[in-house]
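Please find the structures below.
Next come two complexes, and both contain subunit A; in the first it sits with subunit B, in the second with subunit C.
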Partner chain A sequence: MSITLADLAQLLPVWILVATGLLLLMYEVFANQADRSHYANISVVGFVLALWATYSSLGSGTAYLFGQGATAPLILDGFARAGSLLLLSGGLIATLLSPAYAKNAGHDTGEYYALIVFAVVGMMVMVMAGDLMTFFLGLETMSIAVYALTGLRAGDARSIEAALKYFLMGAFATGFLLFGIAMVYGATGSVALVDLARFLSASDSALSANPILLLGVVLILIGFAFKVAAVPFHMWAPDVYEGAPTPVAGFMAVGVKAAAFLALLRLVMVALGSVEAAPWLPMLRWVSILTILGGNLMALSQSNVKRMLAYSSVSHAGYAMIGIVAAAKGETTAGNAVLFYLTGYTFMTLGAFGVLAFLERKEGGPESERFGAYAGVGFKHPAMGAAMVLFMIALAGMPPTGGFFGKLYLFSAAIRANELPLALVGIAGSLVSVYYYLRVLVHFYMREVPEPGPTPTATRSTQLSLGVALSAALILILGVFPSQWVQVSAKAVASIAAATF
Partner chain B sequence: MITPTIPIEHYLYLSILLFSIGAIGVLLRRNAIVVFMCIELMLNAANLALVTFARYHGDAAGHIYVLLVMAVAAAEVAVGLAIMIQVFRLRRTVDVDELREMRG
Partner chain C sequence: MMESADLLTAVVFLPAVGALLLALFPAGDQANLKATTLGVTTVTFLVSVLLWTGFQYGTPGYQFTADVPWIREFGIGYRIGIDGISLVLIVLTTFLMPLTVLGAWRAVEKRVKEFCIAMLVLESGMLGAFAALDLFLFYVFWEAMLIPMYFLIGIWGGQRRVYAAVKFFIFTMAGSLLMLIAILIVAHGAGHNGGWSFALSDGIARVGSSTMGFTLGQQRWLFAAFALAFAIKVPMFPVHTWLPDAHVEAPTAGSVILAGVLLKLGVYGFIRFAFPLFPAAAMEALPVLGWLAVIGIIYGALVAWVQPDMKKLVAYSSVSHLGFCMLGLAAFTSEGINGAVFVMIAHGVSTGALFLLVGVLYERRHTRVLADYGGIARKVPIFAFFLVMTAMASAGLPALSGFPGEFLVLLGTFTAGSSQMVWAILAATGVILAAVYLLWMVQKVLFGPLQNPANESLKDMNLREILVLAPLMVLAVYLGLRPQVILRPVQPAVEKLVQDVSRGAGKRYSVDPGALRHAEATPPPSDVGTPTAGLPDRRFRLAAPAPGLKGNLALPLKPHAEGR
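Our next item is the complex of A and B:
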C-alpha cells in the first residue's frame, strides 16, 4: 500500500466534508451563542462544494486509490461517484430540513450538523470500498454518527429509547458482519472483493467444499439485512424512526439504506454474481418477498404517520432487494434499476419527512403524529399539502413521478432475470401501499379541521421550505425526464462491470 | 525436535463458540450493559478468527484488521455508554424490556 498525493487529491469531496465537519465543531466552541443560525448554512456550503467536486469528476475514469489495481481499498469509479452524488444530495436535503426543527427540539448545535456530515463521509467510503474491511470502516463511521444523532433529543424519553434500541441492534448487526468478513478472509486469504470473485469463479465445487466461505457470505448478508431493515431483521426500524428527531429519521431512512444497498450492489455485481445457482439466492429472494409483504401489511395498521413511513421504508427495502436478486443472477440492467430506484426513494422519503417536520408541534408527543392530527392541514398550508400529494403519489409508485419509473425499471429487470414471481409480489405490494399513502392525503384534504381543536402549528423556515421544494422538484424531474439520470447511472453501473478482473 | 502446535481448527472452534455465546446472550439477556458485553464478545470472536487466519495465511494484513476493529469497537463503546447513561438518567433502569414508550 502506498499513499500518494495524487491519490489524496482524488478524494477532494471527502476532504471538503471532513473540513466542514471539523469547522462546525470548532465554530460551536468559539462562536458567539447568538450565531446558531450559521451552523446549517456552513454545512450546506460544505455539501454544495462536495457535490460540485463530485459532479465535475463524474466523467473521469476509474481511479484505484492506495493500492494496486482492482484490489485497492478504495475504488473511485463511475459507480462510486454517482452513488456519492446521491448520498451528498440526501445529506444536503436532510441538513436543510433540520434548523427549524432542531431549534424547537433544543438540539440546534454544531455537533448535530457535524454528525450528519461525518455520517455522509462514512457512506461515501462504503460505496467506494474495494475490500470488505474498508467497507466495514465506512459502515461504522456512518453508524456511530447516526446512533448519536438518534439520541440527540436527550431529554425526550422516546428519542433516547430509540437511540438505545438502534445502537444495540446496529452493534449486533456489526458483530455478524465482522464475523462474516473474518470467515471470508479465512477462506480466501484476502478481503478484496475481486479476490473473492476470483476464488468463487475458480471452481464450481469451491462453495460446497468450503463451509467457512459459505458461512461468511451468509453472515455478511445478514448484517446487510439488519442495516437496511429487511424482514425478519426489521423489528428495530419502527421504534427508531418514531423516536428519532424527524429530519434524522428521514436521513436514516434514505442515507443509511441507500449506502448499504449501493455497497451490497457492488458486492453482488463484483463477487457474488459469478456463482451459478448460488445458495444465497433463495435466501435473498425470500428476504425480498417477506420484506415487501411484511412492510406493506404492517404499514396498513399504523395509526402514527411516522411509524407508517417507517414500515413503508421497510417495504421499499424489499423492492430494492428484488433488483439485488436480479443483479445476483447476472441481469445487467438490474444494477441501473436499483441505483435509479434509490435515487427516487431518497427524494420522496426525505420530502415526506420534511413535510412532517414542518407540521410537528413544539411540544411534540405521539398524539401530534397520529393521522387525525393532520386533519385539514392541506388547506391551511397549500404549498406543503401539494408537496405531500406529490411525495405520497411517488411513494405509491404512480406517474408522473420518479417513484413510478423506479418500480418500472426494477420489475422489468426482475422479469428479464426470470424472476416473474418476485415482480408480481412487488406489484401486489405496491397496490396495497396505495391505501395507506392515500390515507394521509384523505386526512390532509377531506377531514374537517377540529374546532377549536389544536392543529399542528407550522414552523416557518426558508431552509425547510427549500429542502421540501428541492425534493419535490427532483422527484418530478426524475418522473418527467428520467432518461438523463438513467444514462448517468447506466454508465456508473457499467463501470463496476468493466472493472472486474 | 518437534514443537507441539495447536491446530488451526481449535482456534476456529473457540472463535465460533465465543461468537455463539455472544449472539445467544444478546437475544436472552435483558440488561442493556450485559447485552452490550455480549456484542463485544462477538466482535472479539471475530478478532480471534482474524488473527488465526492471518497466521494461517502468513499475511500481516489480518493483524492490522484486528487493530482497526479494536479502534472501531472503542468508538462504539464511547457512544453506546453515553446513550445508556442518558437512558438511566431518564428512566432509572437500563432493562431493555422496561423501555416500551413506543408500541404498535
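Our next item is the complex of A and C:
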C-alpha cells in the first residue's frame, strides 16, 4: 500500500471536514461564552467548502486510492462523489437546524457540531469503501459520533435511554456485520468487493459449495438492515428518534440511512448482483415488504409526532429496499432510483424535523410532541406551516415534489425488474401513509388553537429558517425539474457498473 | 397574437400565478384578497373565452397543442391540447370559479388569504387536468387538486369536516395510486427503443401495437386500475360514499366546485384516458359500467328523496345525475356520449346553482334541514324564483338545461341494443324520481304555511347573490333552448372517440360481436376533416344549424335497427 500526495489531494472534501471538526474542537477551548454562536457558522462554512470541492470534482474519472485498481480500499468514483454530495447536504442542513435548538437544550457546544462533521466523514468513507474493512471503519466512525450525539441532552432521561439503546443495538448490529465480514474473508480470502464478485461469478456452485460465504453475506445484510432500521430490525428507531435532540433525530434519519443504503447499493451492484437467483433475494424482498407494511401500520397508531416520523422513516427504508431488490436482479436503473429517492428523502425528512425543532418548547417533554400540541400552528406560523404541508405531501409521495418523483422512479425500476408485487405493496404502504401524514396537517390547520392553551412557542433563528427553506426549495426542485439529478444519479451508478472488474 | 398553445397555458396557469401573488398580500387585507381573487378568476374566464372563439369547429383532433420536453429521461413532456370535450369543460370551470368566489364573499370570514390561495390552486389543478395530454402531467394535476380541496373541506367546513376531508382524500388516493402503477406500466416501453414515454398518443399506440402491445388479460387489469380511480371520482355506485360526507361538510364554495367540476374529471378521465387507452377491455366492461350507472341513478335518486338535509339531498342528486353521464358512456353511442358531456355541463350549472342557493339560506339561518323551513316563498320571492328555476333545470324540464343531455343519454342508450334498452327504461325512472325529490324539496322549503317563527325575518337575496345566480339561470335557459352551443364543439370529438375506440377494440382481439357493432357502423376515418359531411344521413347531426329544440331533437330512431 502506497500513499501518494496525489491520492491525498483527491480526498480534499474529507480533509476539509476533518479540519473543520478539529477547528471546532480547538475553538471551543479558546472561545468565550459570547462566541458560541459561531460554532454553527464555522461548521456551515466547512460543509459548503466540502460541497464545493465535491461538486467541482463530480465530472472527473474514477480514482483508486491507496491501492491497486478496483481492490483499492477507497474508490472515488462518480457514485462516491454523488453520494458525498447528498451526505454533505444532509450534514449542512442538520447543522443549520441545530443552533437555536441546541441553545434551548443547553448543548450548544463545539463538540456537538464537530460530532456531526465527523459523522459525515464516516458516512463518506462508507460510500467510498472498496472493501468491507474500510466500509466497517467508516461505519464505526459514523456510529460512535451519532451515539454521542443521541445522548447530548444529558438532563433528559429519554435522551440517555435513547443513547444507551442505540449504542447497545448498534454494537449488536456491528457484531453481526463483523462476523459476516470475517466469514466472507474466510471463504474468499479477500475483503475487497470485487474479489467477492469474482469469487461469486467464477462458478455456479460458488455459493452452494460455500455455506460459510452465504452465511457471511446474510449476516452482513442483517447488519445493514439494523442500520437502516428495516423491519424486523427496527425496534430501536422510535425510542432513539424520540429521545435524541430533534435536529440529531433528523440527521440520523437521513444521514445514517442514506450512507448505509448507498454502501449497500455498492455491495449489491458490484458483488451480489452477479448471482442469478441468489438465495438472499427472497430475504431482501421480504424485508422490503415487511418494512413497508410494518413501518406504515405502526406509524398509524402513534400519538407522538417524532415517533410517527421515526416509523415513517422505517417505512421509507422499505421503499428504498424495493430499489435494492431490483438492483440485485441486475436492473441498472434501480440504482439511480435508490440514489434519487434517498436524495428526496433527505430533504423532506430533514425539513419535517426542522419544522418540529422550530416548534419545540424549552420545557419540552413528551406532551409537547403529541399531535394535539400542534393545534392551529399552521396559521400562527404561515411560512413554517406551508413548508410542513410541502414536506408532508412529499413524504406521502404526492406531486409536485421530489418525494413523488423518487417513488415513481423506484416503482418504475421495480416494474422493469419484473417486481410488480413489490410496487403494489409500495402503493399500499403509500396509501396508509397518507393518513398519518395528513394527520399532521389536520392538527396544523384544522384544529382551533386552544385558548389560552399551550401552543408551541417558536424558536426563531435565521439558520433554522434557512435550513427549512433550503429543504423546501430542494424538494420542490427535485419534483418539478428532476432531470438534472436524474442524470447525475444515472452517471454515478453507471460509474459503479463500469468500475466492476 | 399569442401562439395558440400559449393561450391554453395561460388559462391553466393564470390562477396559480394569482395564488403566488396573493401569498404576498397581508393576511388581514380581506377586501383586497377577495377582490384580487375575483379579478384573477374573471380574467381567466375571459381568456378561456378566447379559447372558445379561436376553436376550430369540426376538427376532431386536439387544438392549442404544445409538446415541450420536460423530463427527457422518462419521456415526460409538457403536452397539452384540447378537443371539444375539454373545451366545454374548461370553460365551465372558468365560468363557475368567479361566481363561486363571489358567492363565498360573506360566507368566508376567517383565513381569507388561505381560502383564496386554495381556490386558485384548485382552479389551476382542474384546468390542467382537462388540458393534459401526458399521463404524468395529468397525474400531477389530478393530485394537485386534491390538496386544496382537502383544505377547503377541512378548514372551512362544518362540524365533521376533518372526517370528511380525510375520507375524501383517502378515497381519491386509493384509486389514483393504483392508476399510477398502471400509468407506469403503460409508459414503460411506450417510448422508442424500449425507453419511456408518458405521451397519451404513444400510450394508445403502444397498447394497441401488434408487436409490443399488451394481452387482453393485461389490458383488463390496466383498465380496471384506471377505471377505479375515475369511478371513485365520478363517483359511481358503490364507491360513492365519500361524496355525501364531503358535500355536507364542505363550505358552499367547495361544494359548488366539487359538484360542478371535480366530479366531471372522473367522467372525463374515462373519455380521455381509460377508453382510448384500453379499447378492448373498455368494451368488455361496458355492461358493468352500464349497470352500475343505472343503479347509481336510481339509488342516488331514492336516497336523495329521503334526505332531511338539503345539502345531502343535492349531493345524492349528483350521484344520480353523474349516473346519467356514465350511462351515456356505457351505451357507447355517439348520442349517448354527446348526452353525457351535455349532462356534465348542465349538471355543473344547475347543481352549482343549487348549492349556492342552499348556501344563501344557510348563511341566514345556519341550518340546512328541510323541516326548519316551509312557506318562505312569501318572505323571499326572489330566492323562491331562483330555487324553482334551478330545481326545474336540474329535474330536466324541457327548455331548460337539464333536458337535452338526459334525453340524448336515454336516446343513445335505448337505441344501442336490447340490453341497453333495459338500462334506458330503468334510467328513465330516475328522471321521474329527480322531479319528485326536487319538487319535494321546493315544496317543503318554499310553500305551505310559514310555521317556523325564525323564518319571519328572513331577508331576500341581495344584489351580490343575484349577480351570482343570474348568470347561471341565463345559462340554464340558454342551454335548454340552444343545446347545440355545447354540442357543436363536442360532437366531432365524440365521433372520433367512438371511431377510435371501436376500431381499437376490433383491431386485434376477438371481442364479442355485440360490442363491436359500432365499429361496423362507423364510417372510415378518412372523413375526419369534415366530420358530418361523410356521415350517413342516419347519423345524428347535431352540428347542423337548427332553429330550435324541436328541429334538433327530432331524431330518426330506426338507424341502429339494422345493426342488430
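Criterion: the second predicted complex is superposed on the first by the 501 of 501 C-alpha atoms of A that agree within 3 Å, B and C clash if a C-alpha of one lies under 4 Å from a C-alpha of the other, contacts with A are read in each partner's own complex, and residues count from 1 in each chain.
Heads up, the rule we're going with is that a residue touches a chain if its C-beta (ideal position, glycine included) is under 8 Å from a C-beta of that chain, and two chains touch if they have at least 3 such contacts.
Please read all numbers here as calculations on a predicted model, not as lab measurements.
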Fit-or-clash call for subunit B and subunit C when the two complexes are aligned on subunit A: fit
Partner chain(s) touched by A:178 [first = subunit B, second = subunit C, both, neither]: first
Which of subunit B and subunit C A:148 touches, first, second, both or neither: first
Which of subunit B and subunit C A:393 touches, first, second, both or neither: second
Superposed arrangement, angle subtended at the Cα centre of subunit A by subunit B and subunit C, nearest 10 degrees: 140
Partner chain in contact with A:303 - subunit B first, subunit C second, else both or neither: first
Subunit B versus subunit C as contact partner of A:189, first or second or both or neither: first
Touched partner set for A:380, first subunit B, second subunit C, both or neither: neither
Contact breadth on subunit A, by residue count: subunit C or subunit B: B
First (subunit B), second (subunit C), both or neither touched by A:370: neither
Partner chain(s) touched by A:491 [first = subunit B, second = subunit C, both, neither]: neither
Superposition-derived minimum Cα distance between subunit C and subunit B (Å): 24
Subunit C-contacting residues of subunit A that also contact subunit B: none
Subunit B residues within the subunit A interface of the complex: 12, 15, 19, 22-23, 26, 32, 35-36, 39, 42-43, 45-47, 49-50, 52-53, 56-57, 59, 61-62, 65, 68-69, 72, 75-76, 79-80, 82-84, 86-87, 90-91, 94, 96, 99, 101-102, 104
Complex interface listing, subunit A residues touching subunit C: 379, 382, 389, 393, 398-400, 404, 408, 411-412, 415-416, 420, 423-424, 427, 430-431, 434-435, 438, 441-442, 445-447, 481-483, 486-487, 490
Subunit A residues touching subunit B - in the complex, by the definition given at the top: 133, 136-137, 140, 144, 147-148, 151, 154-155, 157-158, 160-165, 167-168, 171-172, 174-176, 178-179, 181-183, 185-186, 189-191, 212, 238-239, 242-243, 302-304, 307, 366
List of subunit C residues in touch with subunit A within their complex: 27, 70-74, 111, 114, 139-140, 143-144, 146-147, 150-151, 154-155, 161-162, 165-166, 169-170, 173-174, 177-178, 180-181, 184-185, 187-188, 196
